[in-house]
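Presented sequentially are two complexes of chain A, the first with chain B as partner and the second with chain C.
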Partner chain A sequence: MFKRLAETGAAVAITVDGRQIAARAGDTVAAALIAAGIDHCRTTPVSGAPRAPYCLMGVCFECLVTVDGVGSRQGCLVPVRDGMAVETQTGKREAGR
Partner chain B sequence: MTKASDLAPSYDLVVIGGGPAGLAAAALAARAGLTTVLFDENPGVGGQIYRAITFSPVKDRAVLGEDYWAGAELAAEAKASGALIVTGATVWSLDPTRLVGVSIAGQARLIEAKRVIIATGSLERPFPVPGWTLPGVMSAGGAQTVLKAQGLVPNGKTVLAGGGPLMWLLAAQILRAGGKIDAVLDTTPRKNWLRALAHLPDFVLSPYFAKGLKLLREVRAKVRVIRVDRLEAVGDDKLREVVFGKGDNERRMPADLLLLHQGVVPNVNLALAAGVAHAWNERQLCFEPVLDEDFNSSVPGISVAGDGAGIAGGTAAAERGRIAAIAAVRALKPEASVPDLQIVRQKLQREAMGRAFLDWLNRPADSFRQPEGDTIVCRCEEVTARQVRDTADLGCEGPNQMKAFLRCGMGPCQGRLRGLTVTELIAAQRGTTPAEVGYYRLRPPVKPITLSELASLPIAEAERKAVER
Partner chain C sequence: MAASDFDVAVVGGGLVGVATAWGLAREGCRVVVLDEGDRAVRASRGNFALVWVQSKGLGLPEYAGWTIRSSNAWGGFAQTLKEETGLDVAFQRPGGFHLALSGKELEARANILKRLHNQPGIVDYKTEIMDRSQVAKMLPDIGPEVVGGSFCPLDGHVNSLRLFRTLHTAIKARGVTYLPSHRVETITKEGGEFRLATAQGEIRAGKVALAAGNANMRLAPMVGLEAPMKPERGQIVVTERLRPFLNHPVVTLRQTDEGTVMIGDSKEESIDPAGLTLGVSATEAERAVRLFPLLANVNVVRTWSAIRVMTQDGFPIYDESETHPGAFTICCHSGVTLAANHALTVAPMIARGALDTSLVAPFSARRFHVQATG
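This part shows the complex of A and B:
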């Protein structure tokens, strides 16, 4: 869906569900997922439908992921950090836990 | 990086939001000698228009355009002004006594402010079409954000749909960056010209005219533009194709990315939670705060500047921020010298030229604001248009009551992304106006906050405030 215009920014190693992906300094978690071609980041609590980041500006809460063990973080507002472990979420109801 | 523990317990001025309005306000106030702190929840300042202005990897200036790079000066001015600028700082509460609840890297604080300027800007109007929750469907603003901040460009089968100046700007930016767009689906109704025409002379004299024409030509030279009055995203686990049409004609186009845009509306959540009075704007089809000419709200000491005060654009946002800051300085430090208010007001007035034409011309069609059937209205709680309409028919009079019926508005986004849709649907169904129906009653926290964040409030401070209020 997306390509990087230029490979600027230092490489930052993060894992998504245990798998290494190549992020860049300046990425948010949501942007790193998009750049890596990961097509959804969670499933909904109501119907279990897959969802992906939608607004990328902190409004829609579609980008909720678990970051370093903390659930339901807004991936589009969290900058990546070396060694960060991101997990996609399945139907977790509560936000901000 | 500023930590929560670096914050003072109180400031003369707290500015919420670091877009053009917030940056200009903080710079002016700090320079006049007010102790000033600015909070923005994003990783960098700039707001929407100047997103990532201090670290954008897009180095070719032609891609984002000179209007983007103009933001660098504002950011530098704010930094040099002495204002404390804190990014990654989410404001989750503001009350009428101007107590500001903020959270930075998991640590929360309650900060007292003599004056508050809310500069939380705008957000994209919800654009609920069938299938808009599928992965692969994204807001156009979202695509623009990852272009500005991370240098990501669409390179698959991309369709852009909707209307308004920002949609055309994004199309041009993607193309200049070497990205691909297969089609632009223009949803603006031709009959909008009837209302817009009266404002054409003003528009022709405004700077928007030349810029707008150039953008349209640039995009049309490279991409097919198709007028549509129906739009649907189709796929199983993700977007596979876009179905669209006009009248009886229906067409399908394979796509892996559909970008939606239907203009922007003020982000009213924080102002509403603080008790600021709002009114319906029929031309722009949104709620906006009721303000005086200095952008003071109905709550003493709280003003709203920038597009959060009603959509007027990025340059106007900065001038509005300056006017609100001058009012704050005059109230707290009348002896300090400030720029000439009349000159700032004149600049602001010039910015207003041409807006009426743009607003009327780009007014989104009813069918794209008031969906039917199984189209999801509330993305968080997966409530459909039919459910909202049926509940309105049962006698539900407003969005607050709707929460009890459908949980619609109770998910984490707290109605940000569909508040307007729900209000308009209830109004349409009950034969009344959005002004009559009203909006969600919002209470703090306006953003989800964790218990551990609350627990991180310094005890003495929390206790003192609990007793005081």
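This part shows the complex of A and C:
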């Protein structure tokens, strides 16, 4: 649904749930997920509804993902880095992760 | 008696008022609840939601028995509310802990329990002191500093905001008239009925039950009663929702039915409900991480402060007026824990028109006179 306006920035390789996706330097994790066509990044803790990044500016907390083993990071506030391992989240976060 | 609009006017729509109103409606009374507006200070919206037994009653052993009575009635109370409203308040009674982070803390805890148990006439609490390995079997995620704790099988918790909402739903379904933004200014008794003056007009009722929290202090003397209060502030820290890891509530930390962890138990003399002392939240959080290190990198999503309804000695006040028969006070800290008693035991007494002294005599505010003159 989304497409990049221009292929700016150097290629950056990150994984999402173990699968390699192509991101660009300067992308946030949320932007990279959207550009890769990933339609949701988590399911909610109580009802299990699927959610995707929404405000892209740190306000709505819809974009929570696990980044390099740390759960519930706001994907729209974290810039991608080569080798980064992103995991989508299912329901409640596990304490200690 | 004049043909009043209502049999009973309950002043205050917090947990104590609505639990009492529900109980009164079940007894067939025509009930009105007069409450303030949305900006009112309400302990019922900011509490920690424990239905808690251990530690209660040091200095007044009857308070332990009274608390256990409510704890035992809570399961049935929650079930009845569910049948009437379809709402589940998530009451659980898995037993709860006090945890100690040093030998000294554990010793102090054991001492308190011993003093509590040594009081004449105390009911058996079934609280036991456990060492680290016993605690770890029930709470596998405790940190290395936890040396032990005390466990009471009667301790439990609920979803407190849902309880508040459920009680409001239940009184509505039972035909109770709830009047928000009706702050009671004065109460008088004329021609055998009570007249409650509000800016919205006068309400008349055959009886009046004062359940206005700390504001009972101002209202009670209008009907020949007294409620000496000493409000106090508490702060709570709330985390994001986590997978269940904590099977038992700890007095300062519990995991709700929906996964959030609530951390709190602070006491401050400030009575500014809008203020928050960051250092207090930080101390609460630091101790929580020492108890359960897996909380270290969990996100905090909310903090708040709320004002406790607190009588001057911390014990409940239940009274009926000698000069104004038909006027009652119901005032306490631990209004979550005692909600079942207020609904199922105190409300029927008010409906009958007299408190059952065999149950509530120790909680009369007359006890404050003994101290003042003695």
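The definition used in the following text is that the second predicted complex is superposed on the first by the 92 of 97 C-alpha atoms of A that agree within 3 Å, B and C clash if a C-alpha of one lies under 4 Å from a C-alpha of the other, contacts with A are read in each partner's own complex, and residues count from 1 in each chain.
Basically, a residue touches a chain if its C-beta (ideal position, glycine included) is under 8 Å from a C-beta of that chain, and two chains touch if they have at least 3 such contacts.
Note that the structure is a prediction, hence the values are computed from the model and not measured.
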**OP:** Go through the superposed model and pick first if A:31 touches only chain B, second if only chain C, both, or neither.
**Re:** first
**OP:** Please indicate which partner A:72 is in contact with in the superposed arrangement: first for chain B, second for chain C, both, or neither.
**Re:** both
Subject >> Per-residue touch tally on chain A - higher for chain B or for chain C >> reply: B
**OP:** For A:83, select first, second, both or neither according to whether it touches chain B, chain C, the two together, or no partner.
**Re:** neither
Original post:
A:55 contacts which: chain B (first), chain C (second), both, neither?
Top reply: first
Subject >> Contacts of A:46 with chain B and chain C, given as first, second, both or neither >> reply: both
**OP:** Pick out the shared contact residues on chain A: the ones touching chain B in one complex and chain C in the other.
**Re:** 46, 72, 95-96
Original post:
Taking the complex as given, what residues does chain C use to touch chain A?
Top reply: 141, 240-245, 258-259, 261, 292, 294-295, 297-299
Subject >> Contact set on chain A toward chain B in their complex >> reply: 1-6, 8-9, 24, 26-28, 31, 34-35, 39-40, 44, 46-47, 49-62, 64, 72, 76-77, 79, 95-97
Subject >> Interfacial residue positions of chain A with respect to chain C in the complex >> reply: 45-46, 70, 72, 91-96
Subject >> Interfacial residue positions of chain B with respect to chain A in the complex >> reply: 41-43, 48, 52, 55, 57-59, 63, 88, 90, 123-124, 133, 135-139, 141-143, 145-147, 149-156, 158, 177-179, 237-238, 256-257, 267, 379-382, 411-413, 416-417, 448-450
